[in-house]
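Below are structures written as structure tokens.
Here come two complexes built around chain A, the first alongside chain B, the second alongside chain C.
Showing the complex of A and B:
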């Protein structure tokens, strides 16, 4: 209850901060939304020119990509700031101001830096998901339950990877390009898994389970989920739990900077 | 009653030696020499509850590192810290609920929004009741005279106004011990005095203060006890009067003369520095003659166009302590 109250206050503060620069807030959300809408447009163009992803209709692929955007937005809102704030605070020595709060540093950073810039992306992704789903065959209540489980697992794996990278920054200060590697790997989650070679399929499903970010939850909505895909929930949760454990452990390595 | 007990505290950093210049930079890219730095080197001390303890030292002495370990923000390499029965880094979550801290160079206020919104966030974090929050905020804003300031965005505040708000932020939850790391750095005399006034007032109500500074005036006006750290080692730990016994009551008078002066003292004040033939520094023992008497008599001996009076610099204090 206490943590919920703190989270709500921090959320209010995050919106106050965003409201301090209203134009930046509106433009930032619009730009994020537009840049994420342009990508599905490529899918529309592919299908409009007669090409296609074998076995998948245009609306099914658009659904995968919409779910991917939504999942990305949720992960960014909840824990996207942890990576950049930790890197910045460790490099500048401001992390001690986080440690002065009687809270879990992870919770405090996530709450105090709620990413309002991802709201546009979430709403855009949600709108596109509803539109795409209306043009595809629905799988019913069971599919929605599986969708929610996989959707949360997708957010968990993204948060877990952010936490691992943030944890590394306590020791390896200034590793700002490392996240780009994960951003590239994440791209595999935007497409039907079957179009990739077997090795990439195994990696995306079980090793770094980015297929859970977009493809698997969308497949659950479409009633096309292979039940073995549910195994990928395990590495997602492991990434999340390991990320939290590593982050809390690496705080001990924080050395501050000269005062 | 002892509030803080520190035993054989050590903080060692591993860093890399890098040369300057292009050749050395390229060389260090492939091979770097590891260097161990003892920022805090085996220091022990005790601080009484309800006291004000000044931790003095030159830049880079290790005082900020020590205070960060006392706040629980850094893990010691070795040694023990006991503050009110807590080990700060190990029991951090429970411990920091009972302390406050102001880091002069690290703001806890949120830059883009008014301080009052940052205070509201601390209210939720520390679980301060509505009644206590209002009472405490009214009391603190009145003491610091910042009733209107707290409603302006932090980014538009002056350094002095910001520091006052940092204090309020650190004091809202009524901490028993407050750590102040260079709280008056960069402030003008009026802001410094205001902050010192509030610290004294809070201390009279029972709050223990530990402040690090390299401004001797902070310590002279506030502290009961003084700890001096140099190169990570404790070089002095006694009462303020104990420090004064070693140093005497000395002031430095800097003069810009209108014509050269060739002597080695003026009216009993020793010449201790000569930048050039017109800029000189004198050390005045105010126990032997009050500074006002010395200044009055100064014009009888030399003519000058500029004058300033300041405290003994930290390097001189440490030299004196070593020589004792």
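Showing the complex of A and C:
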């Protein structure tokens, strides 16, 4: 309860901060939205040239990609700042200021740095999802329930990735290219899983479950979900828990140099 | 004249060498590309394998050419990568640019020399490892068909990227905080440089407009020259024609950067130095 109150207070502060710099908030959100909706353009151009992903219409592929954007936005809002704040604090040696707080360091950083800059991306992704879904055959209430379950699992994977990246920054000090490594892995979650070889499919569904971020929830909405795919919810949760565990474990590696 | 050029070369060599040594301390930054580059390439490979299916050509390109295009595009990125815009903006915003106005060397030349040193490091720690991975692991023939034209085209892309970014960085003289402009340019660059998809997939009208914008000269043209394409884009440019256009674009942008520099330096207040 105490943690919930603190989180709500931090949320309130984040929105007040955004309201104080309204133009910056609007422009920042717009730019984030535009830079994240570029990759569906590739899909549009592929279909405009008469080609296609076998077995998938353009709107179905766009649905996968818009769900991916939404999930990305949710994770960015909750955990997106953890990497940069941790990296900055570790590099400058100011992480002690976090450790001295009477709270879990991870919770404090996540709550105090809620990213309002991804709200535009979420709304844009939501709009794209609704538009794409309206051009496809949706599967009804059961599909929506499965979609929500898988969507939350996908967001957990994205948060897990953010936490792992942040944890690595305790040891790989000041390397601003850490996110690139994970961004490249996320690419496998933006397209129909069937275009990849079996080994990549297994990896994307079970080991680093990026397929759950966009592909599985969209498949659930389309009524094309293989029920065995629901098993991937388990590795998603494990992935998220692993991210939290790793971050807390890596705090012990912090050396406090330069503080 | 020879003495002047020799002096310039010595200055460039000294700055480039120091930059190389400085960034060598962070060579694991560069080595990240050895993982990231091939992963992006693998994704592109499977996407285009699925998309081509039974089609022999799409957007005027054959499958093998498209795959080589993405390989070349990644490699060119390692040779031409630049952040002169960020650097200049930071110097202006913090007032540190003042120290450059006192030096007997034009800041643009200093920044270009820095970029050369930085990219020599990129050549060893990003370009060569990825070239070997593409060639040996994926079995791609990454040797350019027209080596001379390719080297010239990549050199133009290198300069184009630098001059455009320098012009963007100079907006900091007017706005102090030029992040927004830089991000918008990067956004457009991602779409229209051909890094995500070859420009031949865009409608003809867009391709024609792109001839007058800087984006394609930094990636699409050199990547197409690298693949040895006999007809580039809807305009059906030959390789010499494409490189000529690129050269003209570089000269124009270099002159533009000088005009902007002369105008914007008058606005520099050196606050915060």
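The rule we apply is simple: the second predicted complex is superposed on the first by the 254 of 259 C-alpha atoms of A that agree within 3 Å, B and C clash if a C-alpha of one lies under 4 Å from a C-alpha of the other, contacts with A are read in each partner's own complex, and residues count from 1 in each chain.
As a working rule, contacts are C-beta pairs under 8 Å (C-beta built on N, C-alpha and C of every residue); 3 or more make two chains touch, one makes a residue touch a chain.
Predicted, not measured: the structure shown is a model, and the values here were computed from it.
Student: State whether chain B and chain C clash or fit side by side on chain A once the two structures are superposed.
Tutor: Partners fit side by side after overlay.
Student: After superposition on the shared chain, which partner residues are touched by A:196: those of chain B (first), chain C (second), both, or neither?
Tutor: second
Student: Touch check for A:226: first (chain B), second (chain C), both, or neither?
Tutor: neither
Student: I'd like to know which partner A:177 touches here: chain B for first, chain C for second, both or neither.
Tutor: Second partner only.
Student: Looking at the overlay, does A:99 come into contact with chain B only (first), chain C only (second), both, or neither?
Tutor: After superposition on chain A, A:99 lies in contact with chain B alone.
Student: Rounded to a whole Å, what is the shortest Cα gap between chain B and chain C in the overlaid structures?
Tutor: Minimum C-alpha separation, chain B to chain C: 7 Å.
Student: Across the two complexes, find the residues of chain A that touch chain B and also touch chain C.
Tutor: none
Student: What part of chain A is in contact with chain B in the complex they form?
Tutor: On the chain A side, the touching residues are 2, 5-6, 8-10, 13, 16-17, 20-21, 93-97, 99-104, 108, 112, 252, 254-256, 258-259.
Student: Inside the complex, what are the residues of chain B that reach chain A?
Tutor: Interface residues on chain B, with respect to chain A: 13, 60, 63-65, 68, 71-75, 89, 92-94, 96-97, 101, 103, 105-108, 110, 112-113, 117-118, 120-121, 123-127, 153, 181-182.
Student: Using the touch definition up top, name the residues of chain A that touch chain C in the complex.
Tutor: Residue list for chain A touching chain C: 27, 31, 34-35, 38-39, 41-42, 45-46, 48-54, 172, 175-178, 180-181, 183-185, 187-188, 191-192, 195-197, 200.
Student: For chain C, which residues count as touching chain A in their complex?
Tutor: Chain C residues touching chain A: 26, 28-29, 32, 35-36, 39-40, 43, 46-47, 49-53, 55, 58-59, 180, 183-184, 186-187, 190-191, 196-197, 201-203.
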